[in-house]
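The structure appears right after this line, and notes come after that.
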Amino acid sequence: MIIALKNQVRKEEQEHLIHWLESYGVRTHISEGEFQTIIGLIGDTTRIDTDLISGLDIVESVTRISEPFKKANRKFHPDDTVVRVTDQVAFGGGNFQLIAGPCSVESEEQVSVIARAVQQSGAGVLRGGAFKPRTSPYDFQGLHEEGIRILLEAKQRTGMPIITEIMDIGHLPLFEEVDIIQVGARNMQNFELLKELGRLHKPVLLKRGLANTIKELLMSAEYIMAGGNEQVILCERGIRTYETYTRNTLDLSAVAVLHELSHLPVVVDPSHATGAARYVRPMSLAAAACGADGIMIEVHNDPQHALCDGPQSLTPEQFAEVAAAVRRVREVIQ
Amino acid sequence: MIIALKNQVRKEEQEHLIHWLESYGVRTHISEGEFQTIIGLIGDTTRIDTDLISGLDIVESVTRISEPFKKANRKFHPDDTVVRVTDQVAFGGGNFQLIAGPCSVESEEQVSVIARAVQQSGAGVLRGGAFKPRTSPYDFQGLHEEGIRILLEAKQRTGMPIITEIMDIGHLPLFEEVDIIQVGARNMQNFELLKELGRLHKPVLLKRGLANTIKELLMSAEYIMAGGNEQVILCERGIRTYETYTRNTLDLSAVAVLHELSHLPVVVDPSHATGAARYVRPMSLAAAACGADGIMIEVHNDPQHALCDGPQSLTPEQFAEVAAAVRRVREVIQ
Amino acid sequence: MIIALKNQVRKEEQEHLIHWLESYGVRTHISEGEFQTIIGLIGDTTRIDTDLISGLDIVESVTRISEPFKKANRKFHPDDTVVRVTDQVAFGGGNFQLIAGPCSVESEEQVSVIARAVQQSGAGVLRGGAFKPRTSPYDFQGLHEEGIRILLEAKQRTGMPIITEIMDIGHLPLFEEVDIIQVGARNMQNFELLKELGRLHKPVLLKRGLANTIKELLMSAEYIMAGGNEQVILCERGIRTYETYTRNTLDLSAVAVLHELSHLPVVVDPSHATGAARYVRPMSLAAAACGADGIMIEVHNDPQHALCDGPQSLTPEQFAEVAAAVRRVREVIQ
Amino acid sequence: MIIALKNQVRKEEQEHLIHWLESYGVRTHISEGEFQTIIGLIGDTTRIDTDLISGLDIVESVTRISEPFKKANRKFHPDDTVVRVTDQVAFGGGNFQLIAGPCSVESEEQVSVIARAVQQSGAGVLRGGAFKPRTSPYDFQGLHEEGIRILLEAKQRTGMPIITEIMDIGHLPLFEEVDIIQVGARNMQNFELLKELGRLHKPVLLKRGLANTIKELLMSAEYIMAGGNEQVILCERGIRTYETYTRNTLDLSAVAVLHELSHLPVVVDPSHATGAARYVRPMSLAAAACGADGIMIEVHNDPQHALCDGPQSLTPEQFAEVAAAVRRVREVIQ
């Protein structure tokens, strides 16, 4: 971290700041220029609040050289993390998975038909929403407990691990047999929830928030990891912009940036990002081409009648075709 | 709601859609053009999911004429809502309040000094953070229970009602004597929390999310109101853009838009919006000038040493000057 | 176009509006509901200004069903447009091109070395900036006339067609032998320039503006096409968001959307979009995977010393590897 | 400027970089830390391209301490610039002006009626569009030469100075008697146009671009000023976000930031920013309250029939009321 002081700062003020900084266990290095004094901090600056320092009267600017995340940082953990879900299913370090299933769990029949179909096409994980975050209180909110029960039944029948979204700490007991807990975009900075998930020994798929930066996504991963749970899968699902033809703007460069900054696996969700089934194929191939460790795709046996987000679901047949094309792309990108 | 069908839709498909729509209790009106059939829906369309319909194969486009919020909607409730906190303190319907206090509660001494000062300058409500949402798990997270205790003590001494932020449903018991519960930007779409607050009989100040639209803010208010708690105060606190000189971009036109669309009072938080004490005065005056029902300002007796967000705090002396100027502006805008 | 009137509009006002609308040559269809009257417009509504109508006192809302672009619209021109640059080089309709070269033209030596290298690796078009739009008036602005001369010399030696950016109508005479004229992001809505280019018989590569929507990009293409020049190549080069790890956010879903809405070829520029050489490979592969008709890549024989935008340039060796990988991806995506 | 080098940079590379930097006339100051070497640059770094340096292999990060604008910078010119248009009309340094008039010039009759009305209500400058930048080539593009003639006639009759927008260098001869030349949002980075305006001796009102930062606005002002024309008026007119209730998001904090960073006067355009007449009053009062040096308001004697942008125009009566309220606010904000 580098702190540039304003002109004509009094000696005592400068000393006072330096003492305070050193109380955090960092060493300081001062270069006095003609017009400007610069303080360099050496050591672990993670705990130093740049907002606080940049607000001081005597400070002109503060620059972080090193990122404020540590456990999620590739610098301190150069090898890819492999998040192992079952013996057969893992993400990262060369392991790639298709996650597929309906947006919302509607019935045993529905989940069972879809689960078998996507398993046959090569999906490794079954997804399905039991708790649904909806903008309107009048929209369908999911089957809750019953939804999780239906997913667990499909898991038992097919052997596929399941992923489903959590919306509140209070629901955690229902997730005991869920294989991967999903944190949705709207909860990416629900810090109390993240802390709680940090105490579990279970993979967490953390979606990037609606308008959050890559750095904030990694800081939220850090919340979970700081608690002891290092099995975090990051997920790019589109960010909010002024473009309206797609629901969100899928930021595929985030895949490359996340792989550079962090050792955690990165999954892409083209269904929610674009909000339209017809864009899922091209965006899935693009995600595979730029190195994603997994793709999460909504599949519905009857997309026209899905209770929510139907428009963005593929049919099982379409999914099978996309899955095959994704595999072909993955084979040629090395 | 208006649904435009694609060309050459089969009669049965069209009928099927109309039956389904009418099952929601709305009436339909069909205009058959040469190239296009248009279905108009008459009645309460709040419960109809436009995303779902726009995804149907036979549908070209869907347009909502009426807003999907009802209880927060000025159309159904033309008079301003007055949120009454105490006998002396109310928001809306001509009632204006300054909310002031430190970003974080640090000590009894600090809160007590600031509370007395801002009360003397005309603040009606005392603010202070006990639970602090911080991007980094390594930053100061607030005094929690102890912080609320300190606020309640200041309330007892000064008679000022207090507002403080909640971050999780589980903490609700600690908020029993808190006068206004604040929902922060990051929790604006924490729907489970909103539902829970809808069951209380206590004013809730709901901050606009980091990158949420005005409509989404009103839908979140609707979550609280749908549960029975209609004492909601809306708060504009800046939204995320590509501009970096200010922490967020304060959207003051939201005050005018919210007053048009809704009957709920609207408060502005220039401290968090700009992130810099030197912009708080001009933005407070602007907020007053465009009709805000309250302004929430961070005040710290020693801004340089605040544990968090110090840079954006005013001193008690600066606050007194701003409060007086705000009053002068309010007097001349009618 | 569908116009919903407000409640209780007087008969004369409604008639007045309808006459005015019909003066544009469209037919109207009125549906009178209990609470609302809806006017449907049938025919060519391209010339009707929705902003104007939505401002009328008697109008509640206006919705365009059909897009306001016509010549660029796939509905009226279902087959892909093939923009033919030379006998060997074309974009669209299955024709794919790599465009490569330095950000800025610096010297004959430089351009000649790079041109030969990228040609050998399969690039079809040589790029190079002679006029450089720079945010600061103190930054290098390009070699201007001399830059174009150098490019034309390289064209003569290698036979490669060249593309270079125009910044002002007044410079047009210098572009006579340039094969493709590039309109940069900052000039996407320089309408006078677009009109002028509409009078030429020469391919134009039109870059999406810094923060422009897909619809606005197509409207700008329409400006060129309305003048008679239908040889327009669209280019996605990243849009401005709050993300700061990449210079812009590359919106690859725009490729799929543009292919759906328009028949024009779509090229992707990962170099400017990301601003970093290390992200060019993954984003190039992703662009190829989602169906781009071309990729424009900055290549510099000495990226460390490029006069501008060096950080985002590949070496000729890196380009050769990326070009080969792009070809492999293109082979497997059908 | 501060350059942090990567670990383990070779001595020769470091020396090479330092020599290159010093060739720009700056002095360097090196601090060697245990893990990192930091180079501080002292002197005028305006001409040094940070993008270029940050791309070098040996560089970890580059931070500008001082802003890259110089002539527009308050640091080097602490007193407010007063842009004097006529003997009576000036902007900045305590001088405040209302600019009013129709969006588009339609007829002599129209301009003459409006000019007289707004003059009586206290407007100091008459606005009116002769060249109109429109997203669609099929929308009304302005009366061009005839429009300017009409404005000049109104100027002669009323004595009001006039402002109108330029869209291309080639039209400059038509602007000889125009008092203030407006550069619209879409041309804020039309650098060739800016350079040309820098050669004039005439006030230029420079609008902030659709999605441009405050720093970019100042860099564009710098383009004009670097050419010798220092009579630049900055204009905030809303920026593009995801909010859709207003046409753009008016960034009033930009007024405070611009006044801090620059000595140039700042005008606000609430009509274009919000796109709706009903928001013009609250946003005008807010602009006055936060210290704007002028407000530009669209006024039309028949807003329902304006050829463009009618919805956002006030009637002359509404304007008179707003003008009076603005004056009252300005009196109480000191």
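Structure notes:
Just so it is clear, A, B, C and D label the chains in written order, and each chain counts residues from 1 on its own.
By definition in this document, a contact is a pair of C-beta atoms (placed from the backbone, for glycine too) under 8 Å apart; a residue touches a chain by one contact, two chains touch by 3 or more.
No experiment lies behind these values; they were computed from the predicted model shown.
Between chain A and chain C, the least number of touch steps comes to 1.
Seen from the Cα centre of chain D, the chain whose own Cα centre is farthest off is A.
With centres defined as mean CA coordinates, chain D is found 32 Å away from chain B.
Here the spacing of chain A and chain B, counted between their Cα centres, is 27 Å. Taking the mean of the C-alpha atoms as each chain's centre, chain A and chain D sit 39 Å apart.
Shown for chain A are the residues in touch with two or more other chains, namely 211, 240-242. Against chain C, the residues of chain B that register as touching in their complex are 2, 4, 29, 31, 33-36, 38, 40, 42, 60-61, 63, 65, 211, 240-242.
Per the touch definition, chain B reaches chain D in the complex via residues 211, 213-215, 239, 241-246, 249-257, 260-261, 273-274, 278-279, 282-283, 285-291, 325, 328-329, 331-333. On the side of chain C, the complex with chain D involves touching residues 46-47, 49, 51-52, 54-57, 68-69, 133-141, 167-170, 186-187, 189-193, 195, 209-212, 216, 219, 222-223, 226, 240, 275, 277, 303-304, 306-312.
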